[in-house]
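There are two complexes below, and they share chain A, which is joined by chain B in the first and by chain C in the second.
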Partner chain A sequence: MTQEKREIVIPSQFLGDTQQSKAGRGTFVEQGKIYSEILGILNKKSDFINVVPIKGRYDPIEGDFVIGVVEEAMASSWLVDINAPYPALLHVSEVPWDVEFGETDRYLNHGDSVMAKVATVDIERKVNITLKDRNLYKINGGLIITVEPSKVPRIIGKKGSMITLLKKYTRCRIFVGQNGRIWIDGDDDNVAKVLHTIKKIESESLSFGLTNRIENLLKNETQDVQ
Partner chain B sequence: MTITPSIKREYLSKLASQGKRADNRKFGDYRPIKIEIGYIPKAEGSARVKIGNTQVVAGVKMDLGDPYPDTPDSGVMTTAAEMIPMASPDFESGPPREDAIELARVVDRGIRESEIIEVEKLCIVPGEKIWMIFIDIHIIDYDGNLFDAASLASLAALMTANVPIQRIKPMLEKLQERYPEIGNYLKEHPDNYTLPLREPPISCTSAKFGNVIVMDPSLDEEEIAEARLTVATDEKGDIRAMQKGLNGSFTVDEIKKVIKASIDNGKKIREELYKIVGK
Partner chain C sequence: MKNDNIKLFRDGKRVDGRATDDLRPIKIEAGVLHRADGSCYLEWGGNKIMVAVYGPREAIPRHTQNHLRAIVNARYNMAAFSVEDRKRPGPDRRSREISKVISEALEKILLLEKFPRASIDVNIEVLNAEAGTRCAGLTAAGVALADAGIPMKDIPVACAAGKIEGQLVLDLGKEEDNYGDADLPVAISPRTGEILLLQMDGHLTFDEFEKALDMAIKGCNKVSELQKAAIIQKYKVELEVE
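Up next is the complex of A and B:
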């Protein structure tokens, strides 16, 4: 980390001039000046000023991998809850199966979980998701937990360092959706270990050197078991 | 409405079939209970109760009122519950809905039917003026088992309540011209005094899913529960109130088991409550 510490900003806090930098996510511009839109952590990347929210719902971005729960099966599509303000639409042409009109509920029904990719987000924030990508399917077995969407990058870690750690020490199958839903599958003791490690990551997400500490923790625990 | 993913149901049922719960509790165990009294200084009595992450604040307010015609010489108690959207994404603002009304009624019944409040001592002028007790319950954070948290908070609030003679004195003195009996009442109670109470009932809630019954269901367990049973028991182990919820059913043996577990847990919670209220 190049930054000394993480600065927390409040809504309408002055962040910079539009001449020197560009307004990114979580900010707004008024009379050539950039202000924060939300309570969050200031993040300056190249020219952009971004504010990463501390808490809040998931804001869908095209290309994100998410975990959704089917709300409703309609004649030629499904409504899927992806932890965003509004449900996402999954059309029959976007699934790997050959679905007859009106038979959507034979494939996915209320309460089923899917791994999906955000296909499009239009200007009204209507979201379409797709299952047509590698490793996307209906989830069977395992467990889904929900964390703050803004904490997802910390759980994945830099270039996936944290998640690789978790997988290595617990031998669980883990899929982290960008929308804050995490799917875990493995034997019960290991799942419990993952759950409590994720809780720790979530509560200490603002501190530095977290990956090393989590590695030590996981190492010690594995030794304890042996 | 948030929807429960069906794999959550499978996961919890799988754990349950191995005799485990998601938070490593035993089936009959409660989450840690924390009671704080005197939480709202302006109320006659108040308490904040935490059961795990569930958080409830209850306040008791007292006022002069007219008795009901069928009970001219006893006080009146009403309970109201408020589920604010801050507590859970499933709660919405507006008039109370079915769940808030059920919550208020279950708490109300536990307190009313156990006759913890000595209503006959709350009469000032028979047939004319009595004390009215308002119990207001606010859900601050919802993580399952609101019934027990709400009734425990209400009890703690009642047990620490003071009858506000000082505040209401000017009004009583004015009324004294019409009802001379008030003079006697004021002579008997010149200052604020603790609300006269009998022994408290403790509500314990169980939920059934699959073939297991768990005490103090967490939010996840409540979401997948098929049936729910709340039993309020008193110090002697007598049942004072009961409420069955949801669509599923209990067998007779299961109900017996639930009642026994409720009495056992009720004992522990009562001790905790006594320790905090100082009785």
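Up next is the complex of A and C:
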């Protein structure tokens, strides 16, 4: 990663020519010129020009782990809100339980939360999710908070460095969904500490050396308690 | 609409002291509401406008969905207390027309193909009205859409020109709108110069029309700079925390 100052770009801002660089994510090309299509941070990687969004809805991608809230139990499937533009479909064949036809509401009902994986996204943006993977189950207890989906990579950190820190210093169970929902379970003091830290990460997500600063913060706080 | 008792020019200046090609003072603030995906508060002379953008989200009712692209629902609404006399609340003929033309203007610049079956809802609330609310509303909607992180080709901007006492002027004020000869609101896409909205009230000759259009487009470009500055201002702060 370059240590240059991060630059904010706004929609329609001119970013470069197609002859010199390639148009990456968050950009569009008109008459050989590359423009930004969203509000975001400019990111140049090799000869690609990308714009990383600051805000916006979660865009489901196959294989993402997400936290969903059940909206409706239908005869042989559930509709699950995953914070995307469209609700996702969870079919009975995609859950680890043996569900009789018409008895879906005995297993998951309106308001229940699940950890799930995005199974497929078709061209019409119809999303299917599945519970058939390791560590995917219905959530019991704990707390779910919502952050901007664009900040999720910062909360996880490089190769999970940030999330490992959080788990180590607070002894909480944490699951971060790619859709910006985070599940936290632990005793009250520690959960409060996690919430406080995540808020800090979110507000300073664009600065450099964040992981080190958060580590110091957590270290100090743990000493205070002892 | 002519009224001989009211003079709209004094010593070559307009009632509020502006020259013919001056805009009223404009203040734009992005991201003011927490519940909305994107929002904007705009003051343009005496106009005070709040815009909240929601979406893209699944379009409801279902029969309005388009399985190839998203639909845009702009809703222009004037508050009961926004005008001198009480405005009867609820949609009327005028506000439905404005909602429609603003929706159509926004459809041209948003990248709707990315969100099939979805809707993008733009709520434009006029808190205080003083001539040129549709221009102000569309300008604020542009900022709010960018703030919501919705992909778009350009930030739309609008500005009006008109004729008062036989002279062409930019950005009509309240008296000028009420007692003037013509009003020409124009919305453009500032990057390409494409016209997104063009309406006319009153009469202009063809020459006057061309001049007024040029004038309005120049005004739009000025406002566009303010829009961009407002968006950057909001997010610059996050970068500076270090």
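What we mean here is this: the second predicted complex is superposed on the first by the 221 of 226 C-alpha atoms of A that agree within 3 Å, B and C clash if a C-alpha of one lies under 4 Å from a C-alpha of the other, contacts with A are read in each partner's own complex, and residues count from 1 in each chain.
As a convention for this text, contacts are C-beta pairs under 8 Å (C-beta built on N, C-alpha and C of every residue); 3 or more make two chains touch, one makes a residue touch a chain.
Keep in mind that what you see is a predicted model, and the values were worked out from it rather than measured.
In the superposed model, A:Arg125 makes contact with chain C only, not with chain B. When both complexes are overlaid on chain A, the residue A:Arg6 reaches chain C alone and has no touch with chain B.
Of the two partner chains placed by the overlay, only chain B lies in contact with A:Ser113; chain C stays clear of it. In the superposition on chain A, contact is made by A:Ser207 with chain C only, not with chain B. Number of chain A residues touched is higher for C, counting chain B against chain C.
Once the two complexes are laid over each other on the shared chain, residue contacts for A:Phe28 go to chain C alone; chain B is not touched. Applying the stated contact rule after C-alpha superposition, one finds that A:Tyr86 touches chain C and leaves chain B untouched.
Of the two partner chains, chain C is the only one that A:Gly56 touches; chain B does not reach it.
In the superposition on chain A, no residue of chain A contacts both chain B and chain C.
On the chain C side of its complex with chain A, the touching residues are 37-38, 55-58, 67, 111, 115-118, 146-155, 189-191, 228, 231-232, 235-236, 238-239, 241-242.
Against chain C, the residues of chain A that register as touching in their complex are 5-6, 8, 10-12, 26, 28, 30, 35, 37-40, 53-57, 85-87, 124-125, 150, 203-208.
Across the interface of their complex, chain A is touched by residues 2-11, 15, 18, 20, 24 of chain B. Per the touch definition, chain A reaches chain B in the complex via residues 69-71, 81, 110-113, 139-144, 188, 192.
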